[in-house]
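In what follows, a single structure is set out as C-alpha cells and then discussed.
Residue numbering begins at 1 within each chain, and the chains themselves are lettered A, B, C, D, E and F in the order written.
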Amino acid sequence: MLHTINKSPFESNILETCIRFVQPGDPILFIENGVYAVQAHSRFAPMLEGIREKNPVYALQPDLSARGVTSLIDGVKTVDYEGFVDLVEKHKVNNWL
Amino acid sequence: MDVKKILHVMRHAPHGTVYTYEGLEMILMMAAYEQDLTVVFIGDGVYALKKEQDTTDIGVKGYARTFAALGDYDVEKLYVDRISLEERGLTEEDLEVGVEILDSETIGRLMKEQDVVIHH
Amino acid sequence: MKIGILLKQGPYNHQASDTAYKFAEAAIRKGHTVDAVFLYNDGVINATKLMDPPQDDRHIAERWSDLNREHGVEILACIAASKRRGINEDVMIKGGAITGLGTLTDIAIRNDRLITFGD
Amino acid sequence: MKIGILLKQGPYNHQASDTAYKFAEAAIRKGHTVDAVFLYNDGVINATKLMDPPQDDRHIAERWSDLNREHGVEILACIAASKRRGINEDVMIKGGAITGLGTLTDIAIRNDRLITFGD
Amino acid sequence: MLHTINKSPFESNILETCIRFVQPGDPILFIENGVYAVQAHSRFAPMLEGIREKNPVYALQPDLSARGVTSLIDGVKTVDYEGFVDLVEKHKVNNWL
Amino acid sequence: MDVKKILHVMRHAPHGTVYTYEGLEMILMMAAYEQDLTVVFIGDGVYALKKEQDTTDIGVKGYARTFAALGDYDVEKLYVDRISLEERGLTEEDLEVGVEILDSETIGRLMKEQDVVIHH
C-alpha cells in the first residue's frame, strides 16, 4: 500500500502518526508541503533516515523544485507526476491528509 | 457486483472543521451500498466520540450520537487507536459509542487489507 | 487502470486542486482512464464558472471543463457540500454536474483506485 | 470600543465564521461598535447568497446580512480573493459589498482593534 | 497583549511556537479546537501547567462544552463570548492561526 | 491621520496553501498607506524566502522574489525567527531576500509593541 503525505512535518503531526501504521516495505511518497520532510539537515532528518531503513521513500520532484529543496536525505528517490501514477498503479493507496 | 473493502479514517476534532461531520454524511450514504465498511478513529478523530458534547452555545449541530447509530445502518466495525486515546487522557468510558480499541499494529494491518481508504 | 479522484479542497486556496489535475493529466498520458473527479467539502468550489483569476494565472475551473471535454472525465460536485457553499446548477462549469454521495460510492466501487487530494 | 473583524475561512468548512459571528454579537450586546467584517482568503465564500444549508442548520450568509441591516456592520469581501473563488456582485448577499485591500487597511487604522478569525 | 490559539495542540505546533514569543503576564485564550490544550491529564497538561505559572490562561466555555471537555487543568479560567470581548477590550490582540 | 504599527506574521510554507501569497498581496497594498509595517517569518513561513524555488512544473506562479521587492515599497523591516530557520537546517545564505535574523525574545517584544497583528 502506497502512503502519501502532503503536509510539512513542522506544522502537522501527520508524519509521526502515519508511520505508526505503515507496514514494513510499503512505499511512502511525499508531495506538496510534505516534501520538506526529506530535506537534509532539518530537525526531521534523523526520523526520515529511520523510516527509510524499513520503507522505500519517494518525493515528488515538481514539489521539491517549487520549494527549492535541493539537498535530500540519502536514499530518497524522486518521481515526477508520471512516476506518481506508476506508484499508484503498483499499489493500493492511502492518502493521509 | 463487487464488494469493496472501504476504510474511513476520522482524523479531525469535531466542530473546529467540518471534516468529521461531512465524513459522517459520506459514511451514512455509503452504508446503503452494501460494501464492506470500516471506520477508524485516529489522532484528534477520537474526540468526535467524546461524551457530553453540548454544541448549543456555539450554535452548530452536534452529531456525536450519530456515530452510535451507525450500527443501525450495518456499519459495525468502529475502531479507536489506543495511543491516540491514551495521549489525550481519555479512556473507553469517556466515549459516547461502543467501539473496539486496537493497537497501531492491528490498525496498520487492517489498513493494508483495504481496497479504498478515505481520510476525513 | 481505471482511476477515480476525490478532491476535498477549494481552488487556489490549497495546492490539492493543482496536484489532482497534474496527476490526472499524467495518468491519461500514460494510457490510464480517469473516470471521474468527485468534489467534496470545499472541493465543490472548483466547479464554479464564476471563477475569474488573473490573466497570467491558471484557470482552475476551465482546466476541469477541458479535462471533461477532451478526455470524458466526469466532474461531479456533491450536492450537500455544494449547497452549504453556494454552488448550484446555475454556476456550474460546462461539463460539470451536481450529484449525491451515492455516485462517489459507485466511483469507489467501479474503479481500480480512488485517490484523494485535500488537506 | 470600535472593532474590525478579519475573517479568513469559508462558512461551514471551519468554525471561524461561527466564532466571528458570536464574537460580533457579544461585542454589540456589550455596547461596542463592530465596524466591519472583512472577508479574505476563503472567507469571501461567506458572502454568497446562493448558500442553501439544510433547514435545521444555521444560515451563515443570512446572519451576516442581518448583522449589516440591524447593526450597520459592513460586510466586505476582498475583490482579488473573491475572483479566484467565484464570488462577484451577482451572488453577493444583501448588505455585502466587494472591495479592495485598501479598505482593510482603513479598517485596521480606524478601529481600536482588528480581530482575526481563520485557520 | 492577548494571544488566542484555535488549534488542537495534537494536530498543530502552534501552541509550542506561540509560547516562545508570549511575554510574561500576557493572557492566552484558547478557542475552537484550541480548547483541548486545557483538558486535564492529556499529554499537553504538563506544558500548560508551566505556561500558567507565567501567564493567565483562559478557555472559551462554549467551545469547551461543545467538545465535552469538562475536566480542566487547575487555574484555567473560563469565559463566554462576552468575556472574550472583555479581554479584547483590555488588551491588543494577537490571533495565532 | 494615525500611523499604526501593523505586523504581518508569515507562518505557512509557500505553494501548499495560498496564505503566504495572499498575505504578500495584502502587505503590498498596505504599503501604499504609509503605516508602520513589519513582516516577520516564523515556523514554515521561513520557507517562503528559500532560494532556488522553481514552480514551473507544479503550474503555479512563484513569488519568493517579490519579498525582495518589498523594500521598493518602503517595507524595510523583514525579520526571520532564528529557531525556525535553524530547526529547518537553513542559514541566512539559503534565503532569497536580505533579512534580519532575530531571537524569540526580541520578536516577542516587537509583537507586543504592535497595534495590529495579522497572521497569514
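Basically, contacts are C-beta pairs under 8 Å (C-beta built on N, C-alpha and C of every residue); 3 or more make two chains touch, one makes a residue touch a chain.
It should be emphasised that the depicted structure is a prediction, and the values quoted were computed from it without experimental measurement.
> Provide the labels of all chains in contact with chain C and in contact with chain D.
In this structure, the chains that contact chain D and also chain C are B, F.
> Along touching chains only, what is the step distance from chain C to chain F?
Step count on the best path from chain C to chain F: 1.
> Using only Cα atoms to place each chain's centre, name the chain farthest from chain F.
B
> Would you identify the chain whose Cα-based centre sits farthest away from the centre of chain A?
Following the centroid criterion, the farthest chain would be D.
> Comparing the two chain pairs, does B-D have more C-beta contacts than D-E, or is it the other way round?
D-E
> For chain A and chain B, what's the span in angstrom between their mean Cα positions?
Centre-to-centre distance between chain A and chain B: 26 Å.
> Roughly how far is chain A from chain F, going centre to centre by Cα mean, in whole Å?
27
> Centroid from C-alpha atoms only, then distance chain A to chain E, rounded to Å. What do you get?
33
> In chain D, what residues contact two or more other chains?
Each of 12-13, 15, 19, 22, 41, 80, 84, 114, 116, 118-119 in chain D touches at least two other chains.
> Hey, what residues on chain A touch two or more of the other chains?
6-7, 10-11, 13, 32-33, 62, 80, 92-93, 95, 97
> Could you tell me which residues belong to chain B and also touch two or more other chains?
15-18, 43, 58, 60, 116, 119
> Taking all chains into account, which pairs touch?
A-B, A-C, A-E, A-F, B-C, B-D, B-E, C-D, C-F, D-E, D-F, E-F
> In their shared complex, at which residues does chain B touch chain D?
Touching chain D from chain B are residues 15-18, 58-61.
> Within the complex, which stretch of chain D touches chain F?
It is residues 6, 40-41, 80-81, 84, 100-102, 104-106, 108-110, 114, 116, 118 of chain D that touch chain F.
> Which residues, counting only chain D, touch chain B once they are in their complex?
These residues of chain D touch chain B: 12-15, 18-19, 21-22, 56-58, 119.
> With touch defined as at the start, can you tell me which chain E residues reach chain B in the complex?
Result: residues 6-8, 10-11, 32-33, 36, 39-43, 45, 61-63, 65-70, 80 of chain E touch chain B.
> Which of the residues in chain D end up touching chain E in this complex?
1, 3, 8, 15-16, 19, 22-23, 25-27, 29-30, 32, 113-119
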